[in-house]
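In the two complexes that follow, subunit A is the common piece, with subunit B as its partner first and subunit C second.
The block that comes next holds the complex of A and B.
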């Protein structure tokens, strides 16, 4: 095939925008797999993917905020406090499903609070959540006297929710992965196939133009913050079921990998665009790097440097493919 | 055109391969021999005390002729650490030593143990993990520290404030130390405890927290920390405030902490023998794997407590007497450390099975 022929072909069939980051992921998996073939065992890949599922879910949701030109620093602590409240209520005697509802509702309320504060204080969400992150962490520490929440009652630990997420029920694919993929389908449809999603992208592109066009920007901001809180709450109860306990530090280190996953996935910080599936692939890239460093046996002292270099490499591959695609189109 | 694209992608792939393989791929000689591989997971990377544990683990691996893979999250978080343990298990290591700072790690670790990979815990105990634990007697060491502080500020007749700081509230071993310190301080009815306050792990945040606490309580008789960065921070805070009245006390024998004792800006530091906490878990794993000894139930092996002031050094396990200068030299020399602990390696560590106690001894 000639070059012009190739160009013609690419005009007819437009590759999805996530192609470039998918190529980067495949290259990374190929490299780690070539060096350590056991890495490619399906059971390994599924179990390892399950470990990164909650961070991936949060990455999928933070795309909404990034698309709107905002960023939330508090979602890790929303996750923590939601899980703590769910766990405490279960331990106090509430049925497990009620505990789950309490956790998700608490997350939604915390997210909505972020939204209300940012709208009424007329401050960027990043500044508001600098404060609320500490508030949520503080309430979490107070709620359980800075200890771990560990449900031990069989009524809780033998409940289908804990057994399914904790791996006591054998399934070909970890339940948490199935759940997160379903959430991703929902998030994708919400951002790209609904009026709500189009409005978010419009606000991110040009907030003033969106407002003049009649989009209720304040309401949408509050709704998106509440959505982030709700998904963080879901992440919290998933964590409780998956790990069987919540620690005072849970969620505290999630900010960087989650935001990195969304950005690596192709969502710009400037707003106006976003890709849910890209964030899933980005989360997988972050996961493969973390796993690859361990599989290959890179010493802890070198691990951070190598992680940084490989992230740069992944972004590099993404950029090369993007430029090629742009030129071809 | 195609050629240049291929070359670019090829170069990127090569660069990534080089990056990924730069740190620690087994050499061809190692690959030929079927050596055991031990995974070693710490709760935080880049902490001087944890690095002493890692150094000792590597010394054990060298002595025993096994490979070691050291990993851990940059910031202390149980979930990231558990994922590292699971990754090592999936990578096919023969055994794993890990600290357990979080209750949320317990189920995941037990699943790894159930899959047939032995685990030894060190430094941070996870209640319910079916594996032996190597560490200090945390409550007892707190009692020792509290008593030493009390002796320095006037004994049971002391009157005034003592500031207590905990860098990681909720971390079980630290909570035990705290309970021990408070138990000893309670013996002086006139002592009021300020805190325990969260003084953070990060060195800069730790210093700022102690600075604030002293500024708010300039008349404090003592500042007592429970973590590795505290003694150095307290020393710097005392020095900056030109304060010679407030006793500084805490844990671990890092070079910075020893310097604070040496210059008189801090006064007491308890060590928890990082050498034993790093060396012994690797030894137990290798011994149990080679000799098919089952270690899949909780147990406790005391790593001992070192009591250090600027004028005296008390070491556990009848180790040879040390001067403060010897200790300072050891804090920065792996060779001197290995040589000093040789009697422990040949005795206490070699006979680890005899020294394995019920896990309840840890908090007795």
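The block that comes next holds the complex of A and C.
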């Protein structure tokens, strides 16, 4: 946790652990805003938020896996394949809502497959998903002959789902943002206020102790993987609606920003702890860096480098804080 | 004692070491003569392992000195130990599981030709050593694929290859069968003639008498006596181990006060077998009773409780809980059937050390148990935690403190507390006083007695004999994976004799 010193001070007056990342986000926005005041225009900020909403949603969900001490490398391709399957079925004549259900169901199934493989092969999820990522990508390429999926039929493009996400319906705040924030509330409650979440954190803290306490560790692992798949499926469907098309590379570049968002947000890789809200703020930080670099006029090529440095910085601070805490106690 | 020999290869003077509230070594004076096998015996907590760790350079003493060949050292670092030719074979294996045997025999000491590792000369050194131990393994087999007993012998070979001047063996036969043990003892007997002094630590008195020229008995961190083996018999060694004021330090009166009128059989085990050391275990536990399990390391006693709980698979036999057979054993089913396990390795598998007291106390009630709501709130966890902390007298500032910051005794109360929250019928306590200081021990004993008095069945294993004789209503003695005897009303000396029979 990237706690500031204040957070560990007196117990009664404890700042939430996300405070330091939030401050970092505000500082970053301030820096870019000071250099380019147009950056601070609400519409711009909202558009920026909307374009990073899907990555943020996935970051919120990867926190579940990190809390359990696992990591999924395949979610980008789950997103891709879910979107492709949803798009293809819509083009083939299925009603839009059926396409949506197909996309989400396919994502859930892929996630569950990851979970079943990791449990029965007794391998870490990172290794399993190293393989399944390519499998999902491959199936996606085959199912649409390496081409883009672009629904053009008016029956589809004029459907309320596409119009709402695509921005044809005027709302003060982009619909996708509202939806993602609602998802975040749900994810937060699920991780921190339910037995399911307690079990996830218990497995991440000490898998063997969790097993001995009677926690069904295998079942929970499969469930969390399926949840990651389902959320990736939702992400895929949102992407389809938001952009109106899916191309073969969609999702392939998501791994870094999503995992970075969760780590910057304060979720350790070691398991046993996680913050959903932190990952949302982390995703916004990644977004501000990515867009801000362009805004200031630095070549976009630098965006990736800066993101990398910020991750190193965030992890470094996290580690220093943790070592100090340990020494203090 | 200090007058015996000034020219001993190692003489230790007023060595002391304290861990928190525990005085592990208390003014130890000891001389080790050159080229003999010197055995050290004593109960757990007598200070043997601390002493060995100081000699081998793992631990810095608080005070005192160690002089080796006339040179006095305030402490021995790992590097110095190596230079002086002190080798240690640990009770736990410290080998590289994924590497081959040869690599394990030369850890960080490989023979090189230029920048390359020269395997041939290493093989030539390794082969005769393995032969002398009677170990026939492929030098290029992956270590993790070998049997534990073979691994233990490789650990020994690794130390012997260095031709140490002083070789420290800590329970070297714990994973070996009778035949392998005999061969190892034979080898140890020959070592002095090859210029190696052996410090042999074991709980097994028959081994000690078979192998040692000199026996030292330690108790409470000090030396009781050190005499040549031929001047000693078992009874006098046991008397030294136990001491005169034995049970005074553990709260007496822990025994069951009343013979409870309507006792029921909680647990019945018939012909239990597992894939490890347990061959044929039969026992019963009644309500309101504390039943002890006694046995040496490797006898099966140390695997029994985990097997009954379902953490280790059983391979045969039947287990009845209140008359009903438990066919599929797993931790999950144990929680359902209200069987609790306080595991031996508290830090590794008992607790979430990085999490709060509050989170840990809900481990079973929220994590494992199926009842109650699926909603978990901070305040709900805190309320449960405060109630349990108060009930079990866990000393903690507040319930949000990391459980790893508590003392051993309070950590153990948290483990017991988290299980009692689901009101178990049977409580399996696997060496619950490990790493717990004496004051906290008597509190734990009171707690365990209370658990039994509330009508639950308690099965209690301990590596400290005095605990068993003080606390238990009945004790099963386990040897070679079988329940050999059932005893009650025995004293410490008698029980040590029975275990070693």
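We take it that the second predicted complex is superposed on the first by the 288 of 329 C-alpha atoms of A that agree within 3 Å, B and C clash if a C-alpha of one lies under 4 Å from a C-alpha of the other, contacts with A are read in each partner's own complex, and residues count from 1 in each chain.
Just so it is clear, contacts are C-beta pairs under 8 Å (C-beta built on N, C-alpha and C of every residue); 3 or more make two chains touch, one makes a residue touch a chain.
On a predicted model such as this, the values are computed, not experimentally measured, just so you know.
When the two structures are aligned on the shared chain, A:250 is found in touch with subunit B, with no touch to subunit C. By the touch criterion defined above, A:193 lies against subunit C but remains apart from subunit B after alignment on the C-alpha atoms of chain A. Once chain A of one complex is fitted onto chain A of the other, the partner contacts of A:158 are absent, as it touches neither subunit B nor subunit C. Once the two structures are superposed, subunit B and subunit C can be ranked by residues of subunit A touched, with B on top. With both structures placed on the common chain, the touch criterion links A:171 to neither subunit B nor subunit C. Across the superposed pair, subunit B and subunit C touch subunit A at no common residue. Every residue of subunit C that touches subunit A in the complex is listed here, in rising order: 309, 311, 331-332, 334-336, 341, 343, 348-355, 359, 362-364, 366-369, 372-377, 398, 400, 402, 404-405, 418.
Only residues 3, 27-28, 31-32, 35-36, 38-39, 41, 44, 47-48, 51-52, 141, 146-150, 166-167, 239, 243-250, 252-253, 290-304, 306, 309-310, 313, 316-317, 320, 324 of subunit A touch subunit B when the two sit together in their complex. Touching subunit C in their complex are the following residues of subunit A: 11, 192-199, 201-202, 205-206, 208-216, 272-273, 329. Within the complex formed with subunit A, the subunit B residues making contact are 1-2, 5, 8-9, 12-13, 15-17, 19-26, 37, 42, 45, 54, 67, 69-80, 82-84, 86-88, 90-92, 101-108, 111, 168-170, 175.
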